[in-house]
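So, here come the structures, one by one.
In what comes next, chain A is part of two complexes: it sits with chain B in the first one and with chain C in the second one.
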Partner chain A sequence: MEHEITEQDGALIVGFSGDVDLQSSPDARKILLECVARKMPVLVDLSKVNYIDSSGIASLVESLQTARKAGGSLLLVSVSEAALRVLELARLDKVFTICGTIDEGLASL
Partner chain B sequence: MEKTTVQSSAIGTYEERISGHLELLSTMGQDFATSLDIDETLRQGLARITDYVGAEGGALFLLDEKGEKLTCTACVGETEITGLTLNSDEGIVGRCVQLDVGEIVRDVSTDPNFQNSVDAQTGYTTRSILCAPMSVKEERIGAIELVNKRTGDGLFDEHDLHLLRSLSSSAALATKNARMAEALVEQERVRRELELAAEIQRGLLPDAGDDSFPIHGVNCPARTVSGDFYDFFPLDDGRICFNLGDVSGKGMNAALLMAKTASLFRCLGKTIHQPGRLLSMINDEICETVTRGMFVTMAGGIYDPKTGIVRLANAGHEPPLFYAGDGSFKAIPAEAPPLGISPLLTGDDGIPEIEFNLDGGTLYIFTDGVTEGYLEDGSELESEGLMKILVDKAADPVMARLQTVIDCIHRKNVALRDDLTLLAIDDGLNKAERPEQTDDRETMATENIFHVNFPSQPDRLKLVRSAVFDTAKMCGCSETVARDIVIAVDEACQNVIRHAYKGSPDGKIILDISRDGDSIVLSLRDFADPVDVDRVKPRELDDIRPGGLGTHFIREIMDEVDFLTPPEDDGNILRMVKRIE
Partner chain C sequence: MNTEPNTVIEVEDLVTHYGTRKILDGVSMNVAEGEIMVIMGGSGSGKSTLLRFLMALEKQTSGTIRLLGQDIGSATQQQMFDLRKKIGVAFQGGALFSSMTVGENIMLPLFEHAKLDMMTMEIMARMKLEVVDLAGFEDLMPAELSGGMIKRAAFARAVIMDPKLLFCDEPSAGLDPVVASALDDLILKLRDALQMTVVVVTHELESVFKIADRVTVLDRGRILFIGTVDELRNNKSERIQNLLNRRPEDEIIDPDEYLRRLTGEEETGGDATL
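After this line comes the complex of A and B, so read on.
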């Protein structure tokens, strides 16, 4: 799993690529929670995620909860088909705000 | 009412007096026997005797229910004291009632028990009193008091007391009869209300299905209403939701809590299909409103006629018995306290669930009224007795089995000790309609496609995923289905690494993929300590802890998921089947 963090229009964009699985999800969790702690809106770009498992989903949920508790926001943008399937299986596709592109995500903030 | 013709007793010969007494008694006896208004009849009787004895006034006092106060309920003469209340040991009336002896007080001024406060209030001068107690056997009811004789020497005599006693005895009896009649009417009213309540309660129980329906229940209340209940209803997906509960106590309060709990289950059970979460929600609801000290034990679950699988949650209820058909029973003990005790006790996860396959067997849920019911010889049926009947009658239709149990305890003319309730989920007929999976497995040719042996290390999962994806496609799965299968296998491997091997990297995992007719079969073998299959359950979706969510994914994706016991009884085998469309 690789990741990249950029800042745009006062928001943090975290892009993951590759597989977010049992091996890499502890790193993904750490990265997400650090971004949330910066008190800026967080857009998680999942367009390059080939695979995400239940532990990766758990990291996303934990980050969303942490952000909401602090009054912040966390959205998912450009969710790949593989990631969307797992979100659907977990019935979380309605829990997260999911936007088609980064621009749509920024506009919705 | 006819005016009395009886004349004063002081006049006439002894014979005339006796005849006059008898006539008076007979008139009053008739009045008492025919009266519908006891107060009015007592007032008339008092007037007759006051007149007959020739007293200036008369008063009738009744003792209250607690025996603490005497109240004047009827009064004749110049002074009106109706409503006057005395302590039950106060005054001459009080003494008369306490000692249950009639008395003549010729001169009240020399009697320390005389209450002259009434005279002080009314300006009347009481000189002489005749008082007779009203009692039936040992039961004190009140007393009749006459004051100041108008005729003769102005003094009451033994004849007067004798006569008054006759009146007071019949007045006492009439009062007691009237009270009993009133109590009977009240009892009858309560009985009718209870029957109405029982009718509504019976309406809460589900209609019995025909013999082909897999779930049957029976409920016999020990009293008119019951604290027990059961219910079952089909869900949209063909599964059947069922429950059986027992409210502490047996009276109307238990019946009302039963109605509430049963309604909550039926209403919430239609949308919440996780029995543990459902029971936990009912617990919270009951805790908010229940009367202190009342609670409900409940076993509730969902049965799938297509697979025979039952998911069950047990909150403090008598362990249900699962009969596999081979003569042995398995008890399923409660994993949580009864509902209504504390919202904290059922935990965040809800009440733990147990999932198992009936596989043609029967699950029996029952209340302790059954196991603690008395048999003809006075002993209790107990679980052993219940199991014996169920084995002996195993060939009977399910309803007949339940009836046999009930008949043992609920015999003619024998009062039940407690409500009796039984529910049976019988998978026998549904199992007969399912294809014989076990035999298929053994007889049908299976084609081994892929076999891999790898260590319990997270970094190997990427390799496994890629192999599974390609193998699934090779078996004819679409890309979408192949991707789903990858998710299921990946999560299953994670569970082995994290839970079976507890993170140790030295564990050995074997994955076998084969094709079996139109299905792809994936077997995952580990060599860790056997897992308690009953405890592997999908967690709630809002509980995102790893492991639970993964198990949910596996069950969502796969058509069949079974834990098998390896041949050497070492480790675990998870067998997952996905039908290829």
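After this line comes the complex of A and C, so read on.
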């Protein structure tokens, strides 16, 4: 798994690529929590993620809750069909704000 | 472009014994990625034994079993360890540890195989409990659950690592029809969401017709039929029709063999199945 963090319109955009699985999700979790701690809205771009497992989804859940507790926000962008199915399985599509593109995500803040 | 799904389980000419008794006799079958294969057959047909060999819990007499491309007969200990991380098993009786809470039971594979933060593991366990409709039950002990709840908790543990292969032994046995049907729905939901390949051993016909992509019918340790549910329904074989219509079969008695059995004399053949 690789990642890239950029700043746009006062928000942090965290783009992951490759597989977010049992091996890489501890890194993803650390990256996400560090971004959330910067007190800026966070957009997680999943467009280049081939596969995300339950541990990756759990890291997203923890980061969302941490952001909310601090009065911030965390959105998901470009969620693949496969990742969406995993989110839907645990009804997390009702919990996360999911946007089609980064522009849509920024506009919704 | 090749759109054929990958074969993830390959069994070739599998022969197995318990002691001198032959249980499986020349079993060959394949299961494709994302497929739900139901193994059925009468009591003593060898279906649970086949599952145990597919789960790599026993060593076969001859034949090969390949799981996710790995020949389990020639796999090293490390290769088997890695392979087992990709396999989930929902045992017939649940097999939850009675001294651990439901949550601890579900997280057990993560404790053993993953290096994750405790918070991540707890969220994963709660997510799976949501999926099996047991949200909020993580602090209970197995003894405080009903039979159906134990089966669902066992499912949650079986899928906690998002396995590629899920094996289920008699998932609906002993459950009321509503709970049994809900478990079937769960198997379909997990396959669709996580693209798992699922092998289910059952003798519940309703369950077979609801979840199976294909069915393998075993009879006295041999393959009697492999095909789709429609092909099974339309099969003219008397044995298949007896199984589908729940008609018991009269055993043909060999007087000599029967007398030997009653008097405890040594069997000469040794190929009967339990």
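Quick note on the criterion: the second predicted complex is superposed on the first by the 109 of 109 C-alpha atoms of A that agree within 3 Å, B and C clash if a C-alpha of one lies under 4 Å from a C-alpha of the other, contacts with A are read in each partner's own complex, and residues count from 1 in each chain.
To be clear about the criterion, contacts are C-beta pairs under 8 Å (C-beta built on N, C-alpha and C of every residue); 3 or more make two chains touch, one makes a residue touch a chain.
Given the structure is predicted, the values throughout are model-derived calculations rather than measurements.
Look at chain A after the overlay: chain B and chain C clash there.
When the two structures are aligned on the shared chain, A:I5 is found in touch with neither chain B nor chain C. When both complexes are overlaid on chain A, the residue A:A107 reaches neither chain B nor chain C. Applying the stated contact rule after C-alpha superposition, one finds that A:E62 touches each of chain B and chain C. When the two complexes are overlaid on their common chain A, residue A:A70 makes contact with neither chain B nor chain C.
Of the two partner chains placed around the shared chain by superposition, chain B is the only one that A:D19 touches, whereas chain C remains out of contact. It is stretch 453-461 of chain B, out of 183-191, 219-227 or 453-461, that runs into chain C when the two complexes are superposed. Counting contacts by the rule stated earlier, residues 22, 53-55, 57-58, 61-62, 82, 85-86, 89-92 of chain A appear in both its interface with chain B and its interface with chain C.
In the complex of the two chains, the chain B residues touching chain A come out as 458-459, 461-462, 465, 480, 483-484, 486-487, 490-491, 494, 497-498, 541, 544-547, 549-550, 552-553, 556-557. Note for the complex: chain A touches chain B at residues 19, 21-23, 51, 53-55, 57-58, 61-62, 82, 85-86, 89-92.
If you check the complex, the residues on chain C that touch chain A are 113-117, 119-121, 123-124, 127-128, 130-131, 160-162, 189-190, 192-195. The touching residues of chain A, counted against chain C in their complex, run 22, 25-26, 29, 53-55, 57-59, 61-62, 82, 85-86, 88-92.
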